[in-house]
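Handing you this structure, nothing more for now.
Letters are used for the chains, namely A, B, C, D, E and F, taken in the order the chains are written, and counting of residues starts over at 1 for each.
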Amino acid sequence: MATFSLLVTASPHSSQGQYSALEFTKALLQQGHTLKRIFFYGDGVLVASRLNCPPSDEINLTKSWAKLAIEHDFELTVCVTAALKRGITNAAEADRNALTGDNLDPAYEISGLGQLTEAMLESDRLITFG
Amino acid sequence: MATFSLLVTASPHSSQGQYSALEFTKALLQQGHTLKRIFFYGDGVLVASRLNCPPSDEINLTKSWAKLAIEHDFELTVCVTAALKRGITNAAEADRNALTGDNLDPAYEISGLGQLTEAMLESDRLITFG
Amino acid sequence: MKRLSVIFNKAPYGSQAGRELLDIALMAAAFDMDISAIFIGNGVYQLLDKQQPDILQLKNHSPTFKALELYGIETILLEQEALAHRNMTEPQLLDVAELTDNATIQRHIQQSDFVFML
Amino acid sequence: MKRLSVIFNKAPYGSQAGRELLDIALMAAAFDMDISAIFIGNGVYQLLDKQQPDILQLKNHSPTFKALELYGIETILLEQEALAHRNMTEPQLLDVAELTDNATIQRHIQQSDFVFML
Amino acid sequence: MKSLYILNNPANLEQCLSAMAPDDALLLIEDAVLLCHQHTLHNSYILEEDLIARGFATKQSHWQAVDYPQFVQLTLQYDKTVTWL
Amino acid sequence: MKSLYILNNPANLEQCLSAMAPDDALLLIEDAVLLCHQHTLHNSYILEEDLIARGFATKQSHWQAVDYPQFVQLTLQYDKTVTWL
C-alpha cells in the first residue's frame, strides 16, 4: 500500500481537472492506499469557497471534496498566496488584509506552499491535476 | 461619438483580458465616447468579488473597475448563472440559494444574460475581451 | 434585423465554453435577431451523438442543439474540413447541422453584425 | 537527495503559470533538494531580458530567475530548438541558462524524482 | 462588411486566419504579440503596450504598432470586431 | 526511471511526446481523449470514462482503455508521473 498526495491546479469552474482528481482519489482510497493531502494551488484554490453554487443537477465539487476528506481523514490545503489573490479567504486572513467577509469552506485550511513540498517528500506519489 | 459595451469573459486571475478591457475602456472614455455597460460572463465574473486581494504592488482589478464605473457612470453587470456557479453572490442571491455569506463588491450588480443582448442592440460596438 | 453568429470551436466538458455560448444564443433568440450557430475546429465534437457526460456528473447540453430550430435558430453550419480532419463522419453526429465548406462559413461571418466566441 | 525539475513552457503575463511555478521552485529550494529549472517551448519568453510588465501594472518576476543560483538552483536549462524556432537569439535573454538540446532535456526529466509544470 | 479580428492567443492564429475575409484586419494583443516576427497580412496591427511589456522593441515587430487610443479608433473604422478565442 | 505522462489537452501532444523517453508511457485524460484516433506509442492508455462521456465507444480508440482503479495502478507501476500542462 502506498501514500499519495495530489497537487490540484485546475479551475473547478472551467476545466475538468478537479473532477478527475476527485475520482482518482476515490479509486486510490478504495484500493486501500493512503492519502496524505490534497494541495490546491493556482486556480485550483477556487474550489474552497463555500459560496460555490453549481446547478442542482451537477456535482458540487466543494462539498464532494469536503465529504471525502472528513470520511477518510486527509487534508484539504489551500495555498495562501494563490487564495488571497483569487478572493478565497478565511476569517483570520480577512482580518489581516482588511477584507469584509470570508468564504472558505470549513473543511479546507489555508497554509503555505511549504505544505506542497512536505507532501512531495512524505508521499510515495505526488500526482498533479491541472 | 459612439456608444460602446464590452463583454468580458477573461479570468482576472489567470489571464490578461480584464486588464486589456480596462485600458480599452479608459481610452474610449478619454476620447469622449460613451460606455453603456461592461457585461461579465464566464470566468470574467470572478472580478466582482470584493474579497479579491492581489499583491499590494499589483493592480486591483475589482477596485479599478469600480472606481472607473462610478466616475463615468456606466454599469458593471455580472451574469447571475455564471456568477452563482463560480461562488460570486450578493446577499439576495445568497438568501435565495441558502448560502452563508456574500462577496459581491457594491459597485457591481447581478443580472441576467438578457442584459448582454440588450447591450449589443443598444450600442454601436460590442467588444469581447476573453 | 440584426444578424448574430455564434462560433463553437471548442470541445465540450474540458471547458464550459460551449455550454455558456449556447446560453448566449438562446437568450439572443428571445430578441428579434437572425441567429446562426457555426461549428468549426474542435467545436464539431459538441455535436457528437452519443455523449454521456452524466458519468462525469455534468449536464448533457447537446440535446439543446437539436432544439435550436424551436428557438428560431435555423442556420446551423458545420465545417466539413474540420470533420474530415478529425476522422469523423456525419452519421456520428446529431442530425442538426448543414455541412459546408470554409469559404461559405467565412462569407457567413463576414455578413454578420455580431460574432460571439467563448 | 531527491531531484526536482520544474518545466517552464508558457509565456509570461498572459497567465500566472510562470510566476506560480517559480514560487514552487523557490519553496522547494528551502528543503534539501536538487532542483533544476527547464525552459522549453514558449517558456523561453520567460527569460527575455527587457521585460517591462510594470506598464501592465504587473510585477516583473524575471529578475528572480537571475537569483536562482543564490537559492541553490544551479541547473538552468534552455532548449535551443525552442529559441531557434522563435527567431530568438541568446543575447536577447537573461544570462542565466545553459543552452542544450532536446535529448539532454529528455534525459534530465527522466532522471528526476519529481516534475512540476503549471 | 469589414471586420477587425482581435487575437490574444498565438495558438489560435491559423484558425483565425482561415475565418478572415480578404478585407478584414487583424490586431494582436496579449500573448498573441509573440507572433510579432511572423510575416504579416496587409492590414495587421499589434498592441504596443503588450509587446513592450514582454521585452520586445516596437522595431522588432513586422506589424504596425498601435496604442490603446488607436485600438479604440480601429474598432470604429471597421464595421464590427471579432475576438477570436 | 520510467515515467507515466498524463496529458489532458490535445494541443499539447507534440511537446509532451518530445519530452518523453522511450520507456515512458502516456495516458490521455479529459479533452486529450479526443486524440483517440491517432496512431499510438507502445505504452499508451486512455481513460475510458472521459472517452465515453464525450460520445466515443472504447472500440473506436486505438489506445488501451483504463478505468480509474487502473489509472491508480499505473501511477504505481511507473517511478513517477509527469502531468504535461
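Assume contacts are C-beta pairs under 8 Å (C-beta built on N, C-alpha and C of every residue); 3 or more make two chains touch, one makes a residue touch a chain.
Remember, predicted model here, so these are calculated numbers, not experimental data.
K.L.:
Going chain by chain, each one touching the next, work out the least steps from subunit C to subunit D.
P.N.:
Counted as steps through touching chains, the separation is 2.
K.L.:
Going by the touch criterion stated earlier, list every chain that contacts subunit B and also contacts subunit E.
P.N.:
Intersection of subunit B and subunit E contact lists gives C, D.
K.L.:
Can you tell me which chain lies farthest from subunit B, using the average of the Cα atoms as each chain's centre?
P.N.:
F
K.L.:
As a test of understanding: of all chains, whose mean C-alpha position lies farthest from that of subunit D?
P.N.:
Relative to subunit D, the chain with the farthest C-alpha centre is C.
K.L.:
Could you grab the centroid distance between subunit A and subunit F? Build each centroid from C-alpha atoms only and quote it in angstrom.
P.N.:
Their C-alpha centroids are separated by 24 Å.
K.L.:
Centre to centre, by mean C-alpha position, how many angstrom separate subunit D and subunit E?
P.N.:
So the centroids are 28 Å from each other.
K.L.:
Using the touch definition from the top, which residues of subunit F touch two or more other chains?
P.N.:
8, 30-31, 49-50, 80, 83, 85
K.L.:
Give me the residue numbers in subunit B that touch at least two other chains, ranges are fine.
P.N.:
Residues 9, 13-16, 42, 55, 126, 128, 130.
K.L.:
Could you tell me which residues belong to subunit C and also touch two or more other chains?
P.N.:
Residues 13-17, 56, 58, 114, 117-118 of subunit C touch two or more partner chains.
K.L.:
I'd like to see which chains touch which, written out pair by pair.
P.N.:
A-B, A-C, A-D, A-F, B-C, B-D, B-E, C-E, C-F, D-E, D-F
K.L.:
Using the touch definition up top, name the residues of subunit A that touch subunit C in the complex.
P.N.:
The contact residues of subunit A facing subunit C are 13-16, 19, 55, 57-59.
K.L.:
Spell out the part of subunit E that touches subunit C in their complex, as residue ranges.
P.N.:
Touch list, subunit E to subunit C: 1, 3, 15, 18-21, 24, 79-80, 82-85.
K.L.:
Residues of subunit D touching subunit A in their complex?
P.N.:
Residues 2, 4, 16-17, 20, 23-24, 27-28, 30-31, 33, 114, 116-118.
K.L.:
Which residues, counting only subunit E, touch subunit B once they are in their complex?
P.N.:
6, 8, 29-31, 47, 49-50, 67-69, 71-73, 75-76, 80-81, 83, 85
K.L.:
Taking the complex as given, what residues does subunit A use to touch subunit D?
P.N.:
7, 9, 41-42, 81-82, 112-114, 116-118, 120-121, 126, 128, 130
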